[in-house]
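Heads up, the next two complexes both have subunit A, just with different partners, subunit B and then subunit C.
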Partner chain A sequence: MFSTSSQRKFWTFSDENELARLREKHNYFFYARQNSHIDEQQRFTYFLSPDEERQLLKQYELHLKEFCKRFTPPMPKGVVGTAFHYFKRFYLYNSTMDYHPKEILATCVYLACKVEEFNVSIGQFVANIKGDREKASDIILNNELLLMQQLNYHLTIHNPFRPVEGFLIDIKTRCSLANPERLRSGIDEFLEKVFLTDACLLYAPSQIALAAVLHAASKEQENLDSYVTDILFRDAGRDKLAILIEAVRKIRSLVKMVEAPARERVRLIEKKLDKCRNQENNPDSEIYKRRMRELLDEDDVLHVGSSRMSLDTSGVTQVLSPSAS
Partner chain B sequence: MMSRPSTSQSPPVVASINDVSALFQNAQKYEELSLIGTGAYGTVYKARDLHNGGQIVAMKKVKVALTEDGIPLSTVREIALLRQLEAYRHPNIVRLLDVCHGGQCLERDQQLVLFLVFEHVEQDLDSFLSRAPGPLPESRIRSMSHDIISGVDFLHSHRIVHRDLKPHNLLVTAAGRVKLADFGLAKTYDVEMKLTSVVVTLWYRPPEVLLGARYCSALDVWSAGCVLAQLHTRRPLLPGASDSDQLHRIFRLIGRPPRSEWPDNVSIELDSFPSYPPQDLARILPRIHPHALDLIKGMLVFDPSKRLTAMDCLEHPYFTEEPVA
Partner chain C sequence: MDDQACPRCKTTKYRNPSLKLMVNVCGHVLCENCVDLLFLKGSGSCPDCNIVLRRGNFRVQLFEDPMVEKEVDIRKRVLRDYNKKEEDFNSLREYNDYLEEIETIVYNLTNNIDIVETNKRIEQYKKENKELIMKNKAKLGRKAIELEELLEKEKEYEELRRQELSRLEQEAKRKKIREKEALIDELMFAEGNAKDILNTFAQTVANKKEEEEVVPMVTQFSTGVQFTRGSTNQPIPIIEEGPMYKYEPLAIPDRCGPDPPMIKEIIQNGFLKHVRAENETEKAGGYTSTLPCLRALQDALSGLYHAS
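What follows is the complex of A and B.
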């Protein structure tokens, strides 16, 4: 149940300002930790600004959506929704300069597969990734625990898909709307977009689901207002109804404002990121390779089996950039 | 010495933007005080939470073998479930306060070390009963019985079978409430584990487990029934010395079951037991409240499908006819 879940308790925030504050804080923390000689006033000439991080993450959310869409075997919606939640949660408490989104993206999807019991082996999984697959699987497996930890081990996600089914059943039984199944395509389209917004960090899955249903109905030139006010919320009281109406309105306006970030701008942000990112977490960097070699040397020669640390990172960049063309 | 568990960052972090130190929380968070016990799955320490006013906690160290797909799916799902259950704060389930992982040793030996941090409860039911100066008052027995079954019902409603209920892992708080511990990933051993190094008590095992037949949540109801009887006498009801002795004791008490109830595909023949007639449980539990007697009889039924469920138990007149303290 969502009402008693970790999602509501720890990962549903009061408003967009709270999200912005968290993101700004961790953007600043990254800069502060670098002990860089760059003056605070000048810091965005070298480091990413909070807004640049937002644009970059928006781009990677599009990558995430495309990656899941093209995944073989076909991925259930729940896995996609859960992966989006993980990705968004991770970057509330981490900067993209610390952990590159292309690496976290794949790890989020991989962990979501496990939690949602979509059984794919790491081999099957990285077959969906372009580039050096061995390296990709090393990166994913190395980041898995980090991701779980950053999510504070709150891995159960309440997605809007089940409430949608509930609403459709309820509409079929208690509402006179003809052929409610025709709402489906509108609902799916809405929910796909909703994950490109912060709605899932701000609203209950049932509110998001209802926004999707109402949106789909209005696309079909139908009006479900009286279903909401006279049937669904008949006994709930006016104040509760007012809260719901406001939530639905906000969610729909968030979805309306979704737009892809400007290509050229993202390209420049990525170039900037290559320079300012934390090299200790960059699998292609010398410092990372050296640290891993030290880790392995420290360890024994007896170490057999599939080494998670095989560092044959022969120069291929962009391994994890999913097939977003 | 326990390796320093790097703590999961617990969102939302209350820190100002200048409080960079919040970022370096990865320092030691728990101080080990003493060893509580060792089980097949791991070790339990008493420790001090250095960040929360020095409160005493119980840390369970769980070792998980990594697979080539990384952290096993079952482990990921169990962590998700334990974290999710915790959000309910059920009064009869031990609090899971935190999850940490034990440093970076995972790459070396393909093993993940997790620390599950639980509230520390001084006393378990086993020591509580042995210290009781005389028979427990009826009201106390009733409320403890209710606590135990409420905890079992909560687990079952989340599709968790405890599988090892016994006085040792039922904790008794200072206020006299009973809390279930040691389930899921936190279990110290499992019914399937035929480990000679660990002395597993058989006294609370239902016949289907002893026979190696299929089992389900009814398993816990049997175990709880044995514990409830023990609350009345302060002695174990069925203290068997071996698997076979345990079965003989069970059948001497409840009678040898009819052939029609004997499970298929078990290697032990019904005829290897004498046709014990059922005993009158009232003779073993003298002065017991008639409702309590009836409840326990309903829990100690051979055929798991005819046994009361935890929910049935909660609706039994023993709890409904008089208020439970």
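What follows is the complex of A and C.
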């Protein structure tokens, strides 16, 4: 149940400002850790600004949606929702410059498949990815543990899909709305857009689901207000109803504001990112390859001199998660 | 007795006093030699009625009339399945009807009346009363074991008593010898009247006999449990148990939303009309459509009051 979940306790935030603050903080942390000679006033000429990061992530959320849509075998909705949650949660506490969103995106979907019991092997999974598949599977498996750690192992996600079913059953039973099934297309469209917003980090899944149902109803020129006020909130106080109405209004306005970032701008951001990203986490960089080689050599040394029992794993954790501490 | 003859080789009791007539399930007689000859391979057909017989089923003829033998055989077979007891019936009348039915079946089979029909009846009965037959068979087996145990116990007891008796006898004999020696010693060395001495000895012997009492044999433990070899009917020992488990309903966490309907309400208020009904296979696994319905409703209502 959502009310007792880690999702509510740790991953549902009070408002958008709190999210923005977190993102800004980790954007600054990255700059601070780099020890570069660029002074603070000019840091955004080289590094990404928080706003640029937002734009980039929005673009990658669109990519995530497309990737899931095209995925074979076709993916259940719950997997997509869970992947979105992971992706958003990860970048609340990490910067895109540390971990490239395209790598985290694939890892999120892979982990979501596992958690939502949608069984695909890594081989099947990377078959959906263009380019070097072996490299892709290496990246995904390398990042999987890091991702789980950054999510603090809060892997259970409460998606709005089941609440939607609950509302439809309830409306069919307790409300006189004619043919509630026709709301479905509107609901699906709404929920697809909801995941491009921060709504799932701010509101309960049932609130999002109710917003979707109400939105779909208004699109069909139906009014379900009396269902909400007289049936759902009959025994609840006025204050609770006011909170819900505000939440629904906010979710709907968030969805209305969804727009794809300008393509040209994203292209420039990506170029900038290629320069300023943390090379230690770039699988194509020399520094990353060298470290991998060192790690392998270290392994060999350890195996040869097995009498020395102390395992030096500091290198491993550094490669997996330099920012995790 | 003279007219006892093997129908195949025409040997009579008169000509061959060691003639042994054998009979099989069909009720036809053969002498032992013919059986050896005909059933060399273990099985063959009866020369009279061509029924396939097994050699192992030949028995020595006990009754003069081979039909009786056949009847006994059939009865044994029928009773193996028709093993109900009087206590399995509600009334004496029913039990008598049942016995009557057995007699009819046995009679039919012995006299070759409606054999197919009767066999069908037996099969039918077997199918219908499979459990009871098995139970009674097991009971019979238990009874046999109990009986055996009882016999064994009796034997043991007998043995013990025999040993005791011989021991007592020997002791008495030895005592007598000792007394006799004592008497002779007394007579040899004492200075009193020989008659008096004889009298006093006779007196003590008589007294002793009265005093002697038979020590009862130990055939049971001090608790009163009989010495037996691990009886099957031993009472199960009562194990000391802790306090009884008491069910306490789970505390319902704060739902942060309106209360979802109870399972009873889901069924009564028609929520189930809008959920896919479970099929037979799912039912077998314990799944009912109320479960997903309840879960969806709970999820829909939980968190509606959530305030950021």
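By definition in this document, the second predicted complex is superposed on the first by the 300 of 325 C-alpha atoms of A that agree within 3 Å, B and C clash if a C-alpha of one lies under 4 Å from a C-alpha of the other, contacts with A are read in each partner's own complex, and residues count from 1 in each chain.
In this section, a contact is a pair of C-beta atoms (placed from the backbone, for glycine too) under 8 Å apart; a residue touches a chain by one contact, two chains touch by 3 or more.
It should be emphasised that the depicted structure is a prediction, and the values quoted were computed from it without experimental measurement.
Asker: Quick check on the subunit A-based superposition: subunit B and subunit C, clash or fit?
Answerer: Aligned through their shared chain, the two binders clash on subunit A.
Asker: With both complexes overlaid on chain A, does A:Y153 touch subunit B (first), subunit C (second), both or neither?
Answerer: First partner only, subunit B.
Asker: Using the superposition on chain A described above, determine whether A:L111 touches subunit B (first), subunit C (second), both, or neither.
Answerer: first
Asker: Is A:N17 contacted by the first partner subunit B, the second partner subunit C, both or neither?
Answerer: Neither subunit B nor subunit C is touched by A:N17.
Asker: Does subunit B (first) or subunit C (second) touch A:T4, or do both, or does neither?
Answerer: After superposition on chain A, A:T4 lies in contact with both partners, subunit B and subunit C.
Asker: Which partner does A:T72 contact after superposing on A: first (subunit B), second (subunit C), both, neither?
Answerer: Touch partners of A:T72: none, neither subunit B nor subunit C.
Asker: With the two complexes superposed on chain A, say which partner A:Q41 touches: subunit B (first), subunit C (second), both, or neither.
Answerer: neither
Asker: Should A:A32 be classified as contacting the first partner (subunit B), the second (subunit C), both, or neither?
Answerer: first
Asker: Applying the stated clash rule to the superposed structures, which of 39-47, 183-191, 237-245 or 291-299 from subunit C runs into subunit B?
Answerer: Clashing stretch: 237-245.
Asker: Based on the A-chain superposition described above, do subunit B and subunit C contact any of the same residues on subunit A, and if so which?
Answerer: The overlap between the subunit B and subunit C interfaces on subunit A comprises residues 4, 8, 13.
Asker: Under the definition above, what is the set of subunit A residues touching subunit B in their complex?
Answerer: 4-6, 8-11, 13, 22, 24-25, 28-29, 32-33, 89, 92-93, 110-111, 114-115, 117, 119, 121-122, 140-142, 144-145, 148-150, 152-156, 295, 299, 303, 305-306, 308-309
Asker: Touching residues of subunit C toward subunit A in the complex: what are they?
Answerer: Within the complex, subunit C touches subunit A at residues 253-259, 269-271, 273-275, 293, 295-308.
Asker: Looking at the complex, which residues from subunit A come into contact with subunit C?
Answerer: Its residues touching subunit C are 1-4, 8, 12-15, 158, 162-170, 172-174, 202-207, 209-210, 232-233, 235-236, 240, 243-244, 247.
Asker: Within their complex, state which residues of subunit B touch subunit A.
Answerer: 6, 8-13, 15, 17, 20, 23, 68-71, 73, 76-77, 79-81, 83-84, 86-88, 99-101, 104, 106-108, 110, 112
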